[in-house]
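Next, two complexes with subunit A in common: one pairs it with subunit B, the other with subunit C.
Presenting the complex of A and B:
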């Protein structure tokens, strides 16, 4: 991104040439930009427009409602349940993903035999279809599934058993563990992507810094916490942002495991699931659009807060 | 620069909205736009030509073969019309909603009875009454419970049922013999049978935490969700309470288990893999049982009689014509052939689907499902009913976990149902 903009003031003799160059640049980005404006920004603005109407799917605007759709959402306990589920999900999954991603990145960044193999292996869950993974996961977490079989095998080391979960607990079928199971699933499937981001960020730390630290007598533990971790700050920002945006939009795994009802007992009703339910099954575009706008604002707010916390974005972002 | 973009953008948005508004002149009332020709008495045919786009979902390759047979029959009767078949492989409702909002629906397509009230209210579907009158199409042969699912609040018909199924009690005769139990015909016998059949590995009966099953019990007890003209919510009654308490009693004594407790995706799978001795399902379960996965033997009986007599639910899918259809006349030609006696006989010949008309021969071995058709009540209510299903299903799944009571289920469902009438 940084390469495109030519910085500094140009001498007047070059101005003409520069204008031509700029025009060429705009010409190159015109088509993708137009597509982006219409399909992304346009869609978002149109959603905001729809959200203040009683909007017929075929009939278009029927009645101007102002903020009524928003009020309906704020008065709906299921909506708040969806918000709570989503926020709780994000607050647990994001740190998990970051920790796992960083851990894997540091490991595969070592000069070890088979480095490429491990990088590919850790990234593998990210390229498999999330629908396929979720279906397998449902089998594994069922009462007679692999997970409970392993618990039976390890006997006294069955950690969930210590917390009173019965040996044939239905992990996705019980409202106290359904969302938590999806959290673990997603932290695992996306950790490979987070690893990749961290890996890119790790490459930006120069060897000299490490050499200097080694000369000063820093051990591996100290080096990680005093050098690597703080110097990864731009990376943290990027990974946290991407991870949070993804987590707040959690949908497909919840939909496959719990259906449009978000059952059991709304445990799997996330904001996007709630939105889809109101779009496709309730055919209430105005209300669903209002929910979409609220989600948009939520994501925007979280991103801005993160920006404050971590400082400016890295140059390669 | 930024301001100019903003202006440009606002203009674009306004233009988009304007097109949207122009395209749809106020709701979906009125009759078919083109005046259908053809002589009213002349064999029920209509003058139609051109291409007709047909869409639905396809459950199996066998269904595709039957469709092709029907297409051949249709093209013989209407040589001027060509069928362009465009099945949807992904999420069907989502695809249709996208078409409707773009104003480009297929000419003829499937409508699930549970979604019909919403789609009728939004004006997606063309009322068929004018076509029915002009071509003298005989709708009296349809089972009323099926046809009513596609009747709008204005009394018009917005689709004709292509096939249908009721709910019946599937049971495993081997397990019944081993436990020395007879197929139940009343609630008491059902409860006793479930207890006798239950072992550690096998649930006496698999019960879904789903209104689309439980409502049959509510009807059997004499309860209902709405009154007959859908002006009032009637769910909070002693009859409903009795039905829900009966349903929950299976979970309390362990003779009934949910698919989640059994570790199956749905009750059909639990029954097919011999982890449940009974299941309440419809015709859709039979191809699964005949398939390769499980080896369970099966028989069917009508749902047991409750305190208020027999009741079951009718699940049906219609062929309907889009309000924005480009060729509604050819659409009617195809629709009337597919739901007429000739087309439906081909469609139901293998028993993959059950006829929704009385004048079509009944496939073998479906007596219990067809007997229910005479008194079945449609799984189709009011626009926004999906909310009621969601509220009920979530509260019953909480009740199965022990974190909600029958009263909680009734109040959550009543509240959601009231929301649909406002």
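Presenting the complex of A and C:
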């Protein structure tokens, strides 16, 4: 403690010392706090304010609408399409990411050669930009792309073919498969990140716990389900939260693949895409703000529910 | 956060042959998954060197390798590729510097200096991590528009830089690192009469290079790859960053895969180089921060 170090001094100089320290503290955090206040925390309050107005780009508030923007949203079938797409996306991507991340973490955490290499390799897709990855993915999933080429190569093992998808199916061009393709894309790019979170969490389980299990004669399968899996609870909570919040914000990939319209046929219209479309392209700020508030409530609700389900929060949640 | 430490051996139940079998299976999975990670990138590199007639063929080595794709990408991108690189670099470098400076100052205050309301303010900082970027676009767009920081000229850059200028992760990472440095050193400096800033600048900061590197790498990579803020705040095509230019290029060039893959390769190379040299910081930063999208 810095204050105690000055213990030998007179009380008045000690007080001066404390005041100086406090002033230095405020000075050190002033700029970041101001930016957070205006562009983060204040911005959310401002958004709630905008949402009850007919809001002009430069004119600002034009007419008080009350809940009308919210009613418009709830009556808009495209809004519901966006909500449904986003929720469906999250419900599939989150378990997929968690399972993949945990699976990879457990394997990489074994006593294996090349551990560092595999860890780095699995994280590799996460370093590239979503834009680059998505353009690459669009190419691979195009009718004559690599994915369909591989399907042709494996012949009878062409699993999508069993479900009736033609050999040159346009994965992102059909509304029945566009969003599902983006799900695969994101599970692929983020599995390494989820693995890193799980690896960090695995480090918290002590060696002794495993040794005790081994002495009791537990096999690998039992050890995993009875010890590793339950002890990873904080890890599950963290990964689930990060993954869910990320999934509810899905935008870049949908926008680059389907443009501002979420083509084909709004199959790629997610909540954030809908929000961006109404902010930048339709320039209806009041309405877009209402959609933003709804998304905010959705994300807060998910976080709270997850906290209930998984109990105590780790680190800084 | 230490990288993966000692691997943990799973219980040695079952016979020796069964364990060997499981080991083989584990390697098979690892290698297969590693291939799944690299193959798409290798495919983009391969395609970028193919002439247009060849891009849809399933050959890994181009039969008639050409730089056509790169030439098209270089000349026909909006803005021209060197300009897109410049825009991206200016924004990413500014954001990185800003995060390192503001993050280390605030991280120091939150870990070492005592002032009323410190803990509440720190919780507020962490709370900003729960407010996702896309949700802020309407109010932030409005605020910046009124400040003249949307659109053309220097203001366009400044808007993006301001929005990304400080991330809670930067403060959090710096604070955690400072907490791990013993206090004795600063006590000595303070007794010698050094002020708070001097102590921070001369004594503590030089010890914190690993954390500074992690913050810098995380922010540079994050900003280089950022899509939503440049899309919303940069209204002048000559200011577009690589991600923006890439998305637009894809909308206009549709199926001209060789130039598209050439852009993908060129935009990704700087980050791959960073990753190869500073892999440790990527992994540490991500594992310790989490909430970056």
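Quick notes
Assume the second predicted complex is superposed on the first by the 281 of 317 C-alpha atoms of A that agree within 3 Å, B and C clash if a C-alpha of one lies under 4 Å from a C-alpha of the other, contacts with A are read in each partner's own complex, and residues count from 1 in each chain.
Definition applied: a residue touches a chain if its C-beta (ideal position, glycine included) is under 8 Å from a C-beta of that chain, and two chains touch if they have at least 3 such contacts.
This is a predicted model, so every value here is computed, not measured.
In the three-chain model built by superposing on subunit A, subunit B clashes with subunit C.
Of the two partner chains placed around the shared chain by superposition, subunit B and subunit C are both touched by A:280.
Of the two partners subunit B and subunit C, it is C that touches the larger number of subunit A residues. Once the two complexes are overlaid on the shared chain, A:183 sits clear of subunit B and of subunit C alike. Within the superposed three-chain model, A:256 lies in touch with subunit C and out of touch with subunit B [touch as defined at top].
With both structures placed on the common chain, the touch criterion links A:173 to subunit B but leaves subunit C unconnected.
When both complexes are overlaid on chain A, the residue A:264 reaches subunit B alone and has no touch with subunit C. Look at A:142: by the touch rule set out above, it reaches both subunit B and subunit C. By the touch criterion defined above, A:288 reaches subunit C but does not reach subunit B. Touch criterion not met for A:96: it reaches neither subunit B nor subunit C. Residue contacts after overlaying the shared chain place A:46 against subunit B and subunit C alike.
Only one of the stretches 128-136, 146-154, 164-172 or 272-280 belonging to subunit C overlaps subunit B in the superposed arrangement, and that stretch is 146-154. Counting contacts as defined above, subunit A residues 38, 41-42, 46, 57-58, 138, 142, 144-145, 279-280, 285 meet subunit B in one complex and subunit C in the other. The part of subunit C that touches subunit A in the complex is made up of residues 1-14, 22-23, 26-27, 29-30, 33-34, 36-38, 40-41, 43-44, 47, 56, 58, 102-103, 105-106, 108-110, 112-116, 118, 121, 124-143, 145, 162-163, 165-166, 168, 171-172, 183, 186-187, 190-191, 195-197, 200, 221, 224-228, 231-232, 242-244, 246-247, 250-251, 255, 257, 260-261, 263-264, 267-268, 271-272, 274-275, 279, 282-283, 286-287, 290-291, 293. The part of subunit B that touches subunit A in the complex is made up of residues 9, 12-13, 16-17, 20-21, 23-24, 26-28, 91, 93-94, 97, 100-101, 103, 115, 118-119, 122-124, 209, 258-265, 323-324, 383-384, 386-387, 389-390, 393-395, 397-398, 401, 403-404. Those residues of subunit A that touch subunit B in the shared complex are 37-38, 41-42, 45-46, 49, 56-61, 78, 138, 142-145, 168, 170, 172-176, 260-266, 277, 279-285. Residues 1-3, 5, 18, 20-26, 28-29, 31-33, 35-36, 38-44, 46-47, 50, 55, 57-58, 104, 107-112, 114-132, 135-140, 142, 144-146, 149, 153, 188, 192-193, 196-197, 199-200, 202-203, 205, 207, 210, 213-214, 217-220, 223-224, 238, 242, 245-246, 248-249, 251-252, 255-256, 259, 272, 275-276, 279-280, 285, 288-289, 292, 295-296, 299-300, 303, 316-317 of subunit A are the ones that touch subunit C when the two sit in their complex.
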